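In structure tokens below, several structures.
Next, two complexes with chain A in common: one pairs it with chain B, the other with chain C.
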Partner chain A sequence: MSHDHSAEQTSPPGVSRREMMLRVGGTLAAVGGSVWAAKHLYDPNGDAGLPVHEKETLKNYFAPLFDGWSPSDPRVSVARGAAVGEEIPRETIQKMITAALGPMGGMSRFIAKGDTVLVKPNVAFDRGPRMGATTNPDVVAEVIRMCFAAGAKRVLVADNPIEKAEPCFAKSKIREAAERAGAEVFLPANTSFAPVAIRDRDPDPTRNEALGTWEVFYKPLRLADKVIGVPPIKDHNLCFASMSIKNWYGLLCGRRNQFHQAIHDIVSDLGMMMSPTLVLVDATRVLMKNGPTGGKLEDVAVGGVDGRPCIVASVDPLASDAWCLQHLLGRDPANLRYLSLAEQKIGQRIDARKRAGPAAEGRVVADGKRFASRDWQAYERQGLIKEQSV
Partner chain B sequence: MRITTVRILVQIVVFSLFIAFCVLTTFRFVDEHHGQFWISKFLEIDPLVGIATAISTGTVYKGLAWGLVLLIPTLLLGRIFCNWICPYGILHQFIGWVFNTRTAKDRIDSNRYRGIFAFKYCILIAMFVALLGQMSLAVLISGAAVGLVCGVAALAIVMTTKSKQTARNLLIGVAVIGIIATCLGARQLHKGDWNGTLQIGLLDPICLLHRSFTAAVLPALNMPTAVQQGVPGVFSGLGDNKQHIGAWLIGTMLLALVAANLFIPRFFCRVLCPLGAFLGTISRFALWRIERDPHKCTDCDLCLTSCEGASDPQTQLRKSECFVCFNCIEDCPHDALSFKFVAPKAHEVAGPDIRLRSGVLAAVTGFLFYPLARAAGKTTKDFSASNLIRPPGSCEEFEFLERCIKCDQCIRVCPTNVLQPYHFDLQNLEALWTPVMNFRMGYCQLHCTACGEVCPTGAIQRIGVEQKLGLGAYRDVGPVVLGTAHYDLGRCLPWSMKRPCVVCEEVCPTSPKAIYTERMEFLERDGKKVVRSATANTVTVGELPRPGEFEPEPAVFRANQFRGDGTTTYCLEVIHKSGVRETHDIKRNDADTLEIDGQFDQLPQPGEFAVVKYEWKVPKIDTNYCIGCGLCEQECPVVGDRRAVYVTAEGESRSAREPSRERNRGLNLNKLVEAGGTRRDALFSLTGLIATAEPKPKSSSGCCGGGSKSSGCGCSSKAPTAKSKSAAEPPTIDLRSFLNNRNYG
Partner chain C sequence: MPTLFARRYMRDGPTATERIIGVVCLLLVAAITISFVAYAVRHREPFFSVDPTHEPAAIPPELKHARSLLPESPSPGWTRQDAVALTPDQAARALADDAEKFTKAGLKRLYEGRFISRLDSKQQLTVRVADMGTPEAAKVVFDAVKPATAVGEPVGVRGWRNGDAAVGFQSGRYFSLITANNVASGATLTPQLLAREVADRQIAYDASAPTAAKPDKNDKSAAAPAAALLPTVPGGEWSPAQGVATYNPGNLWEKIDGRAEQYLAFDFEQLVFGTYRLAADSASSIDCFIYKMRDPLKAYGIFQAERSGHPESIKLGKEGYRTKSSIFFIKGKAYVQLISGEDSKATPEQFLALANAIADSIPDEGGGNWAEALFPKKDLVEGSFSFQPKNAFSLDFLNDVFAAEYEANGAHLTLFIHQAPDEAAAKKTFELYADYVPKQGKIVERAASDGGETLIADFGGEYDMIFYKGRYFGGATSASDLSAAKSRIGELREALK
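And then the complex of A and B:
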């Protein structure tokens, strides 16, 4: 107060020109600024007027290998181990994976130096490894080790389980195995999700389509140069079998519990959505019944109906699924609707690319650089399926 | 180093530890450091928790014996806990220091003792008396006997004492000791015949602070996207993105109590804290205390400038209020104050400044609280209507309320967010902020018993996974059952909305699954038609003629409307005039003609009925195996208002042995084997630790549902098809999985 009083006494009556200009100028600037801001923020449409963001799309992770894949190169390669009981030693697993990849040119054909590799196991449930409801952690660890040996810079392990992620990764021992092998484990978090255009239009349910744009566990997919699916083989009550295509379910987020209302449409869309570099099916412990959760040792059979543990390497997930369904679960793939739907959908995509020609290069939704045939017998006749024992 | 500097360092360390333990009490930490929950140590050294639960339960549960350790420094040095160890006190002191806007003179005035500071003793008395609950006659008599002995002793002391104040304090002290002794003794004599209500957790500072952090502060801090993104490799958020019912109320309470420091410094500690009151009552016996030398003192009152406890060091010290912060010694310009061993009694106000009548009023309030709260009936008569599903391993509800201190550690450690603080319920005030399960927020993780691991008072018992799932040594007891899932058929998609679904079956974690599917047959809308003409494998149908019409209009189907897919099968039932029915799968159709798979047994004649049906899987529940984990409810896609499948407390195991009719929610359902009372041995061999025998094949009531059709479900004609599946499979045909996989031949 005393300060103000003295200021009043010493300053001349009225205001100085300088002060007048500052105050008037300030007012004018505030008014002008508000008008400018209002003009720029003005929105006659409300929510409807929001700009549509460019949607993310997924890469075709097999595209770099497609051109060099000669017609006589095997597309499915099976390596069986010896039937030694329920525990499969780590060396056997290592031998099986090496043997399975052998005819295809080994891991180094798939992984280039400096690649970031996403390994996608199935960690869907809070189950121990012996229950066969999740991928065998030894297989995951071995795949990671081989990726690094082939020169990978970074290996990511990601899955979005149905149950809470952290306990699932802990109980299935996959987190421990992956981290020990030097991989980074990506648990789902809000910040790693993004809407991804799985097809460039809305789905048409009458044509068995289910996914248009959907929330995807996108961050690891964005970081990765190569994707290796490592699915277990499981009985599934509703869609009959959970194998490599169904494994991509764990890359989706959002309200997945709606999917069961059109399960075959969804699973076939998943098959269309993902074009992985490689699929390495873990058929060490096959869940024969009570799937997909299992929970009892009696539900599990080593190597499925065959009885011998086995690893199936494949660059054609559909053929791999059909082969596995026949040889591991002992069921007829002709009856599996999602396989036929997936074949049809990927076929349309390949056709679309052929029609579009070079203009479609790199446009993922029309990228047909992939193999998709569920006719494993035809592959066998053409010698594209290699089988061996170790 | 100055003593206050030491104190500040200790405070920083203790508070940091508290925060660190709070943050670390997560599932991951639990998993890696089994049984090591250091946050519990803060609650365990809190003697109020130990004594209050000892009164309510008659025992001292495990780590709570550590509370005795805190009594030693209190008996030697006074309320040293309040300003050196208590994280809540440290928070208040810090906030008061940071937001201090008072002038030096105002500060001196704000730290003078006021009558309202005795309110905390009323709170303590009320809470202790509320613990007494409904005393039986036996308890009353034994209590009266102990009280009489104590009273005589007190009277003897009073007779020999001159000071009126000392006499009153002694009386109160004797009364408190008498009550505690009565309770402990009577409880030992008459286990289980009375229940009190344990409400100290509402205001006990450790419980209050931990609850605030768990339910409000940590989830709120974890909300911003920046925190969730974290710094790669360094910091990845504060754990799960959790949400809690009533978080705003708990958070506002913390904010309000912290903000109260601006009006009365250390408002909570001086006015409300029951632990402070308890320690204050004891600290009257402390051997050391602050002592003023009246010869050096100039009555400048500067010692009040930063007195934390408002304990009047400028005159006769109020021993029960002093926090032993040593600020007064530091602030005294004349060195008139010192921390002295066995200082003369004449220079102190030893006991709490509580008037007898306020004490009695508080006791009456506490005594009435119990019947008033319980008379609302939610835990007694109306208990069956309340869906209080407690965490796995919880005691029966009465005993739970005797033990739970609302610290909400279980809620913090729960990996799925299913545990929620109970909301403000007029019908169940006692249960405020105790943990209950909310299956829309989460579900009970099958292999997790973290909530019982952290519980400091045994409200949730420390059960392992084996006990939770009824494995190994617990096979005869069976699993811990939280409740039972129920279907709302009107909301269930495959039951009534013509959508295939059965997510609940897929996620059901027990083995065998409690939720199973059965192929059921439903009538297609407008599916009743009449035959116009037929060949060996096709039939052309028309609409049912209306009265007076004789020629049926042709039916109008979409092409291949009834072709079906992997989940749905359409079939055609022909009802012959003779009453014989036959059912065939539909292969394809056009506008009015249906082609069947195979050939008709009898050629349908014009005028006979043809009925289009569809068949798919619907979920059903086998109560034998349901443990009420709520995963089905959590994952059910029907989310608008309530889920189509939901868990209620029916069949819970924790009240199964409660004899009272209203209080027993255990439902035999099929959870026990009919005779003998032991569980089926096939239950829950889930961890793979123990390989079990194949379950006895269930006697199924048959898949045909009473045999209304002859061949549609195929249970007889296709029975041999199950055998091709697995060499390792036991020879018994698993009927259920056979039915589910009927498409495979």
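And then the complex of A and C:
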């Protein structure tokens, strides 16, 4: 180290003023820097301060069509095929779907060019299609083809069975039919699930509510611009009948058996949760008894009590379910509790949205643009139910 | 003392004053160190110890365990009172009448907790988790305390529910009982919901693996161990069962979601599932479901409940039938469904050979449908014969009832019969029925009859005529014509001889 003797000779003993200022200044700078850093680095919430992911909410997939749906446009449209035995030819299925959609403006009214469409069949069990426990794969395939014909860019087919998804999609032949028609089969995986706010508070069981925020097979719903439900019609041991509203049960994840004690609460919540673009009910093979699993061909009736294969297109899932219960399963909709609960819950939401006004857009309650009436007789009197044979 | 900013200042060494201060500081440190060491050597006690009178009491491990078994906050509107762990002697007081059943089975410890509604403190749920030491002992208690009116509940390895009042289930070595006191209908916490919360804290395993059907020793296709639960079909036409899986009452819904509850109502215990394929054509498959129920009567009950139409009867097991694509039969406690795949090319003979192999692997334990032969055939409404396992005719004291409907000349009635364990039990059921009548109608006649007693009740123009005879309790209900009821009951009583 060099030594400056001249400086030593001229400096007074002890600390110079310059040096003192440097020391004090350095100390103040260090303390100030520490305080500044601490203030900016301090996290008063710890882990709780980590970014919180917003809960997902579901779109109202019918909303874009709602304003253009005139009061005279049909809400339910039924097409029946001829009674030709147990096997229903693909041409008949194609004709029935085309005929059912005809009075509503055809598939092109629902699907725009470039849309991604989610087709949601019922693939709940690893049963063959003839058992009526799952959607007819020919119906699924035809719906997919019509979506592509209407300009869809991409069609997804998804369901979340309780059993392993692969055998369910394989044995029901839905995977094969969907892929052959050009759709992508979306099997459930943990990365596809997300918590979804079905209502913006905890459910109140005393008001027949089952879902607050629940994990849902969300990814295909997020990707989709349009959603088409393609449920079969089935007897159901717990909830009396499985139709279009019950079909959304396949979107739930987790331990959903806990809802069995309150089956009508959960199914009506599903009716409130999902507002699909369109419902195309598959009534080609109706499981009349021992549902929802079935197991005997004798329990399956082509077209249900009517005896003719049938496709029901609808923009009002409640009306569709009530009509199908009456005309296909031969049962009284007045006895189906989840229908009345769903109508009540959707009605409350529509009222809530009206009260909230435009500020409610994008929130859970923003699903007022939909039809929800189980009174199919009133629709019939107003000429809003079309029926035809092909 | 040196500091970060004093290095330049120290280059010529400290002043005398500073040296003195430094020495004093060093001496002070040395004195403190020596004092500590000397104290430690002399006393051999910790330097710092809490006054025992101020020390919090250590939590006993059994109490910690009790807290871990009982959910702290199962529902926002409910709070848990502190959990307790009771020895078998202490548990005897808590368990009251059931104490003997627990202690006989080998109760090790009873953990108990109470959950109270914040809205109304009278609404309470009590959870008792009995550590029985082994799953076998837990199963013994599960059966011993199960009420006669209970139905299956999908929780734990096996569970039951008695109305809205109680849920009991076994899971591993624990038997858990959840009871409700003054819980309002529509409450946010019910015995069923709390049972699931409690079950989530236990490991679900059973006493032992299910009895495996013995595979053919000559079969050299080394099947997976799970496949041993289903028999190998002699002859080599069928490959050993694949995809074999078992289900218990707690997870049956994972296989037959939406239909599990019906099986639980018939005291379902286990499902063994597997798929057989033709060795020559793997696309030809048959799904095999073996539902094991609590007893042969319940197996008959679910078999009968699922039968529809007029299927072709076949000689298989105790009773069986064939449909277009499936075979169904019962044997012992088992109800078997064989469901053919859509693309199966198996011949009826091959299908039947498979069914016979499965039937042969199931022990015949007798029991089942003892009543059908007793019912008069004349005027019997076709397909009306049924078995009702619980709450027959909405009477919570009436279980395991066979019934059939009759119609003649515009008059209708339902004839039924129940076999009690003994005459005293049959008489008790009769008395319960007699107590029930005044709530809905009136007793118009009651008299001793051959080996028992008979009563006639009038429910505003519809009549019930009820009797017990020996260990049988039966009668005619909803009869529009009393004389027709008397005539049918005469035939039924005659058949009982």
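Operating definition for what follows: the second predicted complex is superposed on the first by the 335 of 390 C-alpha atoms of A that agree within 3 Å, B and C clash if a C-alpha of one lies under 4 Å from a C-alpha of the other, contacts with A are read in each partner's own complex, and residues count from 1 in each chain.
In the analysis below, a contact is a pair of C-beta atoms (placed from the backbone, for glycine too) under 8 Å apart; a residue touches a chain by one contact, two chains touch by 3 or more.
Since this is a predicted model, take the numbers as computed values, not measurements.
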Overlay on chain A: chain C relative to chain B, clash or fit: clash
Touching partner for A:A378 - first (chain B), second (chain C), both, neither: neither
First (chain B), second (chain C), both or neither touched by A:A149: neither
Touched partner set for A:A82, first chain B, second chain C, both or neither: neither
Chain A residues touched by each partner, larger count belonging to chain B or chain C: B
Chain B versus chain C as contact partner of A:N290, first or second or both or neither: both
First, second, both or neither for A:A301, with chain B first and chain C second: first
First, second, both or neither for A:D202, with chain B first and chain C second: second
Chain B versus chain C as contact partner of A:F240, first or second or both or neither: first
Which superposed partner A:V15 touches (first chain B, second chain C, both, neither): second
Contacts of A:G26 with chain B and chain C, given as first, second, both or neither: second
Intersection of the chain A residues that touch chain B with those that touch chain C: 125-128, 130-131, 162-163, 167, 171, 236-239, 255, 257-258, 260-261, 289-290, 292-293, 295-299
Chain A - residues contacting chain C, complex: 15, 19, 23, 26-27, 124-131, 162-163, 167, 171, 173, 202, 204-206, 236-239, 242, 255, 257-258, 260-261, 289-293, 295-299
Contacting residues of chain A [partner chain B, same complex]: 125-128, 130-131, 162-164, 166-167, 170-171, 189-191, 235-240, 255, 257-258, 260-264, 288-290, 292-299, 301-302, 304-305, 307, 329-332, 335-338
Residues of chain B that touch chain A when the two form their complex: 27-28, 31, 225, 228-229, 237, 240-241, 415-416, 442-443, 445-448, 493, 499-503, 505-513, 517, 565-567, 617, 631, 635-637, 685-688, 691-692, 694, 724-730, 734, 737, 740-741, 743-745
Residue ranges of chain C in contact with chain A within the complex: 5, 8-9, 76, 154, 186-188, 190, 192-193, 196, 243, 253-262, 287, 306, 308-309, 311, 323-326, 337, 339, 341-342
